[in-house]
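Listed after this line are the structures, all set down as structure tokens.
Each of the next two complexes has subunit A plus one more chain, namely subunit B in the first and subunit C in the second.
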Partner chain A sequence: MPEQQEISLSILKKRWLKFKTLRRGYYSFILLIILYGLSWFLPLLINNRALVVKYNDEIYFPVISGYHAGSFFGQDVPGETIYRELKATWKAEDSDNWLIMPPYPYSPYEDITVQGNKMYEAPSKTHWLGTDNTGRDVFSRLCYAFNISISFALVLSTLNYILGVLIGGSMGYLGGKFDLIFQRIIEIWSSLPMLFVIIIISSIIRPSFFLLIFIYTIVNWIGMTYLMRAEFYREKSKDYVAAALSMGQSNFKVMFKHILPNSLVPIITYFPFSIVGGISALVGLDYLGFGMPPPTPSWGQMLDVGLQNISKYWMVMAPVGAQFITLIMVVFIGEAVREAFDPKVYSRLR
Partner chain B sequence: MIPTFLGSTILIFVILQMAPGGPLERTIQQLQAGALQQGESVGSVGDIMSGGSSVLPESAMRELKRFYGFDKPVYQRYLIWLGIWPREIRHREVEFKEGLTEVQKNVGRGVYMTLKLEGDQVNVYDSDGQISPEWKASIDPEGSKENLVLATIFQTEFSGILTGNLGTSYTYDQPVTEVMAPRFKISMFFGLTGMFLSYIVCIPLGIRKALNHGSAFDFLSSVTIFVAYSIPGFALGGVLLVLFGGGSFWDVFPLGGFRSPSDVWDTLSWWGQVKDQLWHAILPIIAWSIGSFAGLTVLMKNSLLENISQDYIRTAFAKGLHEKRVIWVHAIRNSVIPIASGIGGIIGVVIAGSYLIEKVFNIDGFGKMGFQAILDRDYPITLGFLVIVVVIRLVANILSDIALATVDPRIRFK
Partner chain C sequence: MSKNTLVDVKNLSVHFPVHGGVFSKRVATVKAVDGISFSIDKKQIVGMVGESGCGKTTVGRAMINILKYISPEVEVGGSIEYHFDDGIVDFAKLKASEMRKYRSRVQMIFQDPYASLNPRMTVAQIISEPLQLHTKMNAKEQRDRVGWLLDKVGLQPEQARRFPHEFSGGQRQRIGIARALATNPDLIICDEPVSALDVSIQAQVINLMMDIQDEFDVSYLFIAHDLSVVEHISDKIAVMYLGDMAEYGDAQDVYHHPRHPYSKALLSAVPLPDPSRKNRKRIVLKGDVPTPLNKPSGCAFRTRCPIAQPSCAESKPEFKEHAKDHFVACPIVEKKALNL
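Now for the complex of A and B:
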């Protein structure tokens, strides 16, 4: 019956359809994807350099081409052009020259050294979330930090997964001495206070984005490894593995072609929570001053500065709020993914 | 457990010892900077610029190295620190000028020892001409030159963490244990109160949520749990400070500190002290407990839900037992098993993992001390701190096993 063939759905497709019905998680998912996608185009949306400048019949794209001195566009300022003022001047003069600013014309790095910027400005129409202790726009930094946080958590989780599947999978599948040795290593490693180890390492070498991820992966792979070990250990004894082995499949193929697809449920359901962990970890490290090198925008650094200026409420509320909204969206997604992939039906007598 | 302890301490020790910018280098830097500032031309400017340590006289370098214990290979330093390798104390330097093989040295209280250079080694003889049992001596290969043999005379003792000696802090100039004790108490106070509070809130809440699964109460409390899960304790602490700490909104609670400063504290009556303590502790404790709040409640709820749908509950109902008895005796007993096994992990996190909160509330606690020690390169404190954290975790693991065995009658350790 060909019709019936079409109706039957793969398990993944079924789960996806189930996920779509869980609206809280599904909408969070869509929204987060859109926001994260947009955040890669932040220089076009939130920046102090003009998108397009028409000056003396020439068209310039300062966002892409970068630095233009003020004198280049006939503006009398030291250093780089202040496009916001330039726009106002040209408008007042009613000149033929024009420029288009990004929708939110403040950059995350632009501090009081730029004319007209002030420290500790309360939220207003121009600075939506105020400015910080060096006159940098809080909203702008918040958005750039969003991109960095999510990217950090994504790369970190992916690396953890790769390590976890490789090591944990081998431990569960191979067993024996390999398993025993790694169990001891993990036992020792997990008895250390990890954040302190990171701080010790970070205080020796000033980490960059990828170095920080590398350090964090070294100390953070254990959770996933244990999960995968248990999963592979359980799957190993099932009939399909024996069947695959009896057909002469190599160990490598059995592990990654047969067992891995059957262990996808914990892998996928755990992923959002791994992201939550990654984001929180970065905020904590940045707060202590051992995260991204300054002046990289980061929620943790903003929180640190905010707490030093406790009377400027926006400097604390903005980063915490941004982190909170991001995390709760991820948690909603995680909850829905778990519900779709690993539904638990509770029956009650009364 | 003991191998794990040794393994972790070796790891910590090696990481710390291998780290550049340790206390020795830092002190040398400080001394150099000091010399530069004072304009003292101890060494020529070129020497300083080239980073040479020639600013310091050689003997001072040796003294420093010995003070920080860097005159020994790493494995010896580790064993000394453990307390199973003799620690050299009361150093005195002795010089054998060219041709001399015998030197008298005052070792304090008017006691003179005779050092004799015999072949490759130096032996110490007391006034009776016997080899001294207390004092030993060794040749310092770095300081010795062709016509001058440099030796040190010293006593030895076994003192390390196994004998309860964690060393002396570089920055506080006090024994590490004395630095730690008051701060540990503070962290214990917050940690245990926070843990206790989260248990007495989470377990009933989880039970109630499970019994009313799907109700409005369940939904509303779930929202709270989501919020609690999405906001780390220290970030919540920051928000609470802004809201209630008197910055921009309400001025209800103090901005931080464990309690009022001692000059105020001492004037308070007993009741006043209790009030003052609570006044300072409320916000930190909220921040402290929020971390385990979401996890514990959900764990309790899910495990009870799972148990309620099991067959043995059906059987219990079928026997004609009252619902209260079925739930509170049969189901709950099995549901607290996962909670009991998690108790160790929570203890470990609560005591040692809270320095972010301590930093936010400016509480001079255990975690903050450890963090500051790393910044200051105060190795005795850093090591002592890490060792205590490791021990707490190992003990906490045992505690969870005991708790598990107490709650779950099927598990017995033989």
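Now for the complex of A and C:
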């Protein structure tokens, strides 16, 4: 029997292998992961502060150390050093001092108050997607907004999932009074006009990333909760749960070791669409002006000023395009995930 | 009650409240089990038969005390007294915390081999779970024990790394048996362990269970909906109807001389190879089983009983010893027997 080398795969592993064969979704997944991973290093990639400066035999790292006045490096400008110009100057002078700029040397926050920036510049070699109504680089803002959008959607979805699994799972598993009380709470809760609640809250308190997450979680936990309640309720009646209970497994272990792994299908297949919902929600709020406080780069805010300056096509196309591409990649992933979890063998997508 | 008794079930009842309306008021009660008594001796096999929905699984679940986890509002009455080597405990009254250490003593094999094994766990994980909970075995000892158990139930120890979906129904039921055996229980409740299997495989699994009973000196409560399955393996047979016990006694006695009209009807439906009994007449019951939500008054069987009398509607028939160790819940047949 030594030749018996068939490998037993868990269902989840099989599905992952299936997912990998669905090219469109798999490549979108890889690409999005890489882009999101890179977006955490944006300050090193897209920034107006130099990465390394060698000045008078000393090495500085302005990206990390932050503000250095222009006079510090012997540059005659008010306020902070303009490293792009400093670099050009030193090069022209053929000086011993040198500095390394990030690959794309514009920050999302520098506007016309920085010497040399102009409003409404059309896309060019220096400003790939032009500049906006305050002279800020559109490409730079777009990239920073990508990180914020995805992070927002991820944190929001994760929080919703945690609440959904904990509350919904307990409702479905414990049943009885607990279930009844939460059902009533949810009914009352879901009849509140939540968009107005959000608008009212954010017009009173100045919203921040985490406040927005908090507000949206308060609104959104219900959907996942109901889903998990139904899952746990169904799984609970299966005999493997009775078997676990009969050997004295605790409720906690039964819920999270036995039932949860069997409720992963809706959790995983729903996740990409939850991300889509999160991204769109933030864009909507930002567009209406109740989202992230300015000058945080955000697609919604860019869309808003873009529409006010509709003749400057790049200001509209950029946020629309970025959103479109991001959302469609997430939808491709969602579609492939759904397909990979489909128990039917045939495949319509490929 | 003999000295050999392992478990003594007295007047066990299981009621599920039904709620309805805006305020979830209690509107009805499902009397799934309605006051039954029987006992199982050490190393004995008691067969329990009855139609679908008569409460067999519920009895089993009550005996391993998991009903209140599954339906928190369940009402369990009566007593389920286990006589373990280290003392007498009543599972119907134990608190959850006190219950834990006795859980290894009573195990269950489930009706549906496809739902009773967690599809996300390997066979090794499934069988070693009770070992982790009830023994201090280390990983190596657990692995050895799992291999040994798999061998005992006729599977290969190498199959331990596989997942349940890679096995047939019969093999899955063997895995379920191995899991139940893991902690050397005193009693295994076998809830229709073969009714989901092909006829050709049923006999194999039953034979395996008999060998195991011999080797492990364990008692079985063997649930089936068909008398012929339990007749030749059981020491005693209990016949249930709609949450009540109709008849309970020595297996051969009940099988060859059934007294309760319901047992007679059940038996007449068994296809028999025995030519001497060919001439018995087939009793066909009229109508459907009533629901346990709305049980007939008096004797629950009276809506279908061929010999029902008006008096049967008045009070619930007493469960009486008609012959030595042979209990029947029907005053009419008792009278008939006396008049003869």
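By definition in this document, the second predicted complex is superposed on the first by the 336 of 350 C-alpha atoms of A that agree within 3 Å, B and C clash if a C-alpha of one lies under 4 Å from a C-alpha of the other, contacts with A are read in each partner's own complex, and residues count from 1 in each chain.
To be clear about the criterion, a contact is a pair of C-beta atoms (placed from the backbone, for glycine too) under 8 Å apart; a residue touches a chain by one contact, two chains touch by 3 or more.
From a predicted model like this one, the values you see are computed outputs, not experimental measurements.
K.L.:
Fit or clash for subunit B plus subunit C once both are placed on subunit A?
P.N.:
Aligned on subunit A, subunit B and subunit C fit with no clash.
K.L.:
By residue count, which of the two partners contacts subunit A more extensively, subunit B or subunit C?
P.N.:
Greater contact footprint in residues on subunit A: B.
K.L.:
Report for A:59: first if it touches subunit B alone, second if subunit C alone, otherwise both or neither.
P.N.:
neither
K.L.:
Contacts for A:328 in the overlay, against subunit B (first) and subunit C (second): which applies, first, second, both or neither?
P.N.:
first
K.L.:
Looking at the overlay, does A:261 come into contact with subunit B only (first), subunit C only (second), both, or neither?
P.N.:
second
K.L.:
Please indicate which partner A:280 is in contact with in the superposed arrangement: first for subunit B, second for subunit C, both, or neither.
P.N.:
first
K.L.:
Does the superposition put A:316 against subunit B (first), subunit C (second), both, or neither?
P.N.:
After superposition on chain A, A:316 lies in contact with subunit B alone.
K.L.:
Would you sort A:188 into first (subunit B), second (subunit C), both or neither based on which partner it touches?
P.N.:
first
K.L.:
In the superposed arrangement, does A:288 touch subunit B (first), subunit C (second), both or neither?
P.N.:
In the superposition, A:288 touches subunit B alone.
K.L.:
What is the minimum C-alpha distance, in Å, between subunit B and subunit C after the two complexes are superposed on chain A?
P.N.:
Between subunit B and subunit C, the shortest C-alpha distance works out to 10 Å.
K.L.:
Go through subunit A and flag every residue that touches subunit B in one model and subunit C in the other.
P.N.:
None.
K.L.:
In the complex, go through subunit A and note every residue touching subunit B.
P.N.:
Touching subunit B from subunit A are residues 184, 187-189, 191-193, 195-197, 199-201, 203-204, 276, 280, 283-284, 287-288, 303, 306-307, 310-313, 316-317, 319-320, 323-324, 327-328, 330-332, 335, 344-350.
K.L.:
Note which residues of subunit A are touching subunit C in the complex, please.
P.N.:
Residues of subunit A touching subunit C: 1, 4, 8-12, 174-177, 180, 236-249, 251, 258, 261-262.
K.L.:
Could you list, by residue number, the parts of subunit C that touch subunit A in their complex?
P.N.:
Result: residues 24, 61, 64, 66, 69-73, 99-100, 103-104, 106-108, 110-112, 115-120, 122, 129-130, 133-134, 158, 161-163, 165-166, 176, 179, 183 of subunit C touch subunit A.
K.L.:
Report the residues of subunit B in contact with subunit A in the complex, numbered from low to high.
P.N.:
So the residues of subunit B touching subunit A come out as 3-5, 7-8, 11-12, 15-16, 19-21, 213, 226-227, 229-232, 234-236, 238-239, 241-242, 245, 247-249, 255, 302, 305-306, 308-309, 313-314, 317, 323, 352-353, 356, 359-360, 370-371, 374-375, 382, 385-386, 389-390, 393-394.
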